[in-house]
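One structure coming up, written as structure tokens, with questions to follow.
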Amino acid sequence: MMLKAIIDADILRETIEAIAALVSECRLHIENDGFSMLAVDTANVAMVKAVLQKTAFQSYEAESCEIGVDITKLRNILGTPGKTDQVKIELDETRHKLELSFMGYKYSVALLDTNTIRKEPNEPNIELPAKIIVPGMELNNAIKASMLISDKIALGVDTQEKNGPFFFMHADGDTDQINKTFGPTEVQFVNPVDSRSLFSIDYLKDMGKIFGKSASVEVHLGTDHPVKFIFDMSNGNAHFIYLLAPRIEAD
Amino acid sequence: MMLKAIIDADILRETIEAIAALVSECRLHIENDGFSMLAVDTANVAMVKAVLQKTAFQSYEAESCEIGVDITKLRNILGTPGKTDQVKIELDETRHKLELSFMGYKYSVALLDTNTIRKEPNEPNIELPAKIIVPGMELNNAIKASMLISDKIALGVDTQEKNGPFFFMHADGDTDQINKTFGPTEVQFVNPVDSRSLFSIDYLKDMGKIFGKSASVEVHLGTDHPVKFIFDMSNGNAHFIYLLAPRIEAD
Amino acid sequence: MMLKAIIDADILRETIEAIAALVSECRLHIENDGFSMLAVDTANVAMVKAVLQKTAFQSYEAESCEIGVDITKLRNILGTPGKTDQVKIELDETRHKLELSFMGYKYSVALLDTNTIRKEPNEPNIELPAKIIVPGMELNNAIKASMLISDKIALGVDTQEKNGPFFFMHADGDTDQINKTFGPTEVQFVNPVDSRSLFSIDYLKDMGKIFGKSASVEVHLGTDHPVKFIFDMSNGNAHFIYLLAPRIEAD
């Protein structure tokens, strides 16, 4: 169990925040080629996968191991350093601590016992035929706008309309509706297939705050199937996948 | 019942916010020459009148009708578009909806049954002899300052002092007082007549947030009489009147 | 009992805010050469001393007297004027009021009966051997960072390490630690003596908000002794001392 790494505070913070959007603790895999994690939220509705490549680090030396990490605490600590500060990360095996040093500060954070953290899920292998690429900010804005009308939102692709295909977002409240369509000039249709599923805005809004900072988000959709959001941050050195289970139209 | 109009989001938002300061729903009159409304607040203490002229719109086509509008909901929806975005407004008569479209978004908002909205008041015809013109921001600042001392504020004109006349604002708390006077170099005395009435700061502060954005507010005052604030926004295309009943000095 | 003074709103506000960090009311001494006060907080844990020299004022005329002042109220009132506005201060002896005038506003604030305000403490004469000078912002940042880990923080000087001496700050939470050291290039060691005492972060964070605005703070420390923070504001015309009692390491 060994780790000595240096990374821009900004990159580490973005990664931790992306994980913190769904879980408050996780098993972090430390490998030769970087960090990775996979976890489902407590309600089993959403999944987050994060990979932080060795190339994201200024320097990186590690032996493979798995540690339990309090994600919420790391996020709070990483609120302190500025954009350009560098964070030194080390494992103190004997004291069972993760040590973060920056700007003359040295934090020693107790590792969590991995046995107390829920087991990692199998990464689901779901076929989601519709694939589009959307600017993250636009997608986040559409989610925020829908919150005024409803707590559920339908996402889908419509290939039947002329001037299309369209990526649409539709929220249906008790008395009001909101509809937002993205045409071929606004999003890139990698695989335009008719699809439509309903999702909880509660989850989407937490995810949207994160992928809203990404220039482009790959969205995979089916009909009454989960949605998958795939995006990079930190100049392509950090990769993320969010998966969200659908809600039933009837409820 | 027909309406097709396009307007800068900013202008529509200012108008809706000015109404929302006093009421959460209203009867909106759609006429050939623009929108208008008149309503009293639920406590019957304050009145708002708003007129949005046809000239405020980029394009405007309407048949005369009266619709019931959820003002709070419109204000929330209009929080989304930017200053320069344009909003398309349409009535969907069959579905009984108001449709607002901007930036690829389309909101369908259920109209309210006008029978469920309290009847419009008669516009009171009160003689308020003192008339002055005050910069909106100054008036709003004075209201905000008074809130530290009391929940009531006296507004009036004093023509007896030398170097006057003065427009004054006086708040008398349990142990403290605040006094603010505006002399002839700061406000314009259209009709300087001695006057003084007491008002609830709760109402004034909501009104002040709105007319604080207007370069000049016409204030009409009497003694133990209501106060009337008359102001324009949107380059003179939107006209507003707030009327506020006085409180009794003794309470 | 006479006072007629004019002062920049900014300078008066900074002084009042520094006092308000610890007490909500105090006895203010008005002397020929300026204002001064000394008070302990309600829990008897912290002391504040403030001196506002005559040179801080635009004009100053006073007869010696002691008045009771509602510090919280003054702070709220002084939130209104801008940085460059001037405040006129007068005592109205007959009405027992302090009058503050600025920008056409005139506040009359009731003086407090000095008999109802707790007696001033004797200024303690404690020997604190370690003396260092720290940039206020750095000190405040270190306090804020420690709040994530614990509600207590140890401050001290370590002369035993090489490359030292060091001024250190150490917080020990239930499972985590944070350590921050300032070396000779970051702080000035006027008198580097080994020392270490434990303090409540609750108090330090209120003090830190104030001295964080000062370019340099003189810190006096002992072992299991109080800490003293000495700093100036308003171009050296306002002097402040905060004294904070230590906590026992065991609790």
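The chains carry the letters A, B and C, assigned in the order they are written, with residues numbered from 1 in each.
The rule we apply is simple: a contact is a pair of C-beta atoms (placed from the backbone, for glycine too) under 8 Å apart; a residue touches a chain by one contact, two chains touch by 3 or more.
Computed from a predicted model, the values in this text were never measured in an experiment.
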{"item": "Chains in simultaneous contact with chain A and chain C", "value": "B"}
{"item": "Interface sides of chain A and chain B: same vs different residues, half threshold", "value": "different"}
{"item": "Between chain A and chain B, centroid-to-centroid distance (C-alpha), Å", "value": "45"}
{"item": "Junction residues of chain B - those touching two or more other chains", "value": "none"}
{"item": "Residue numbers on chain C that touch chain B, as the complex places them", "value": "73, 76-77, 80, 97, 104-110"}
{"item": "Residue numbers on chain C that touch chain A, as the complex places them", "value": "141-142, 144-145, 148-149, 175-182, 186"}
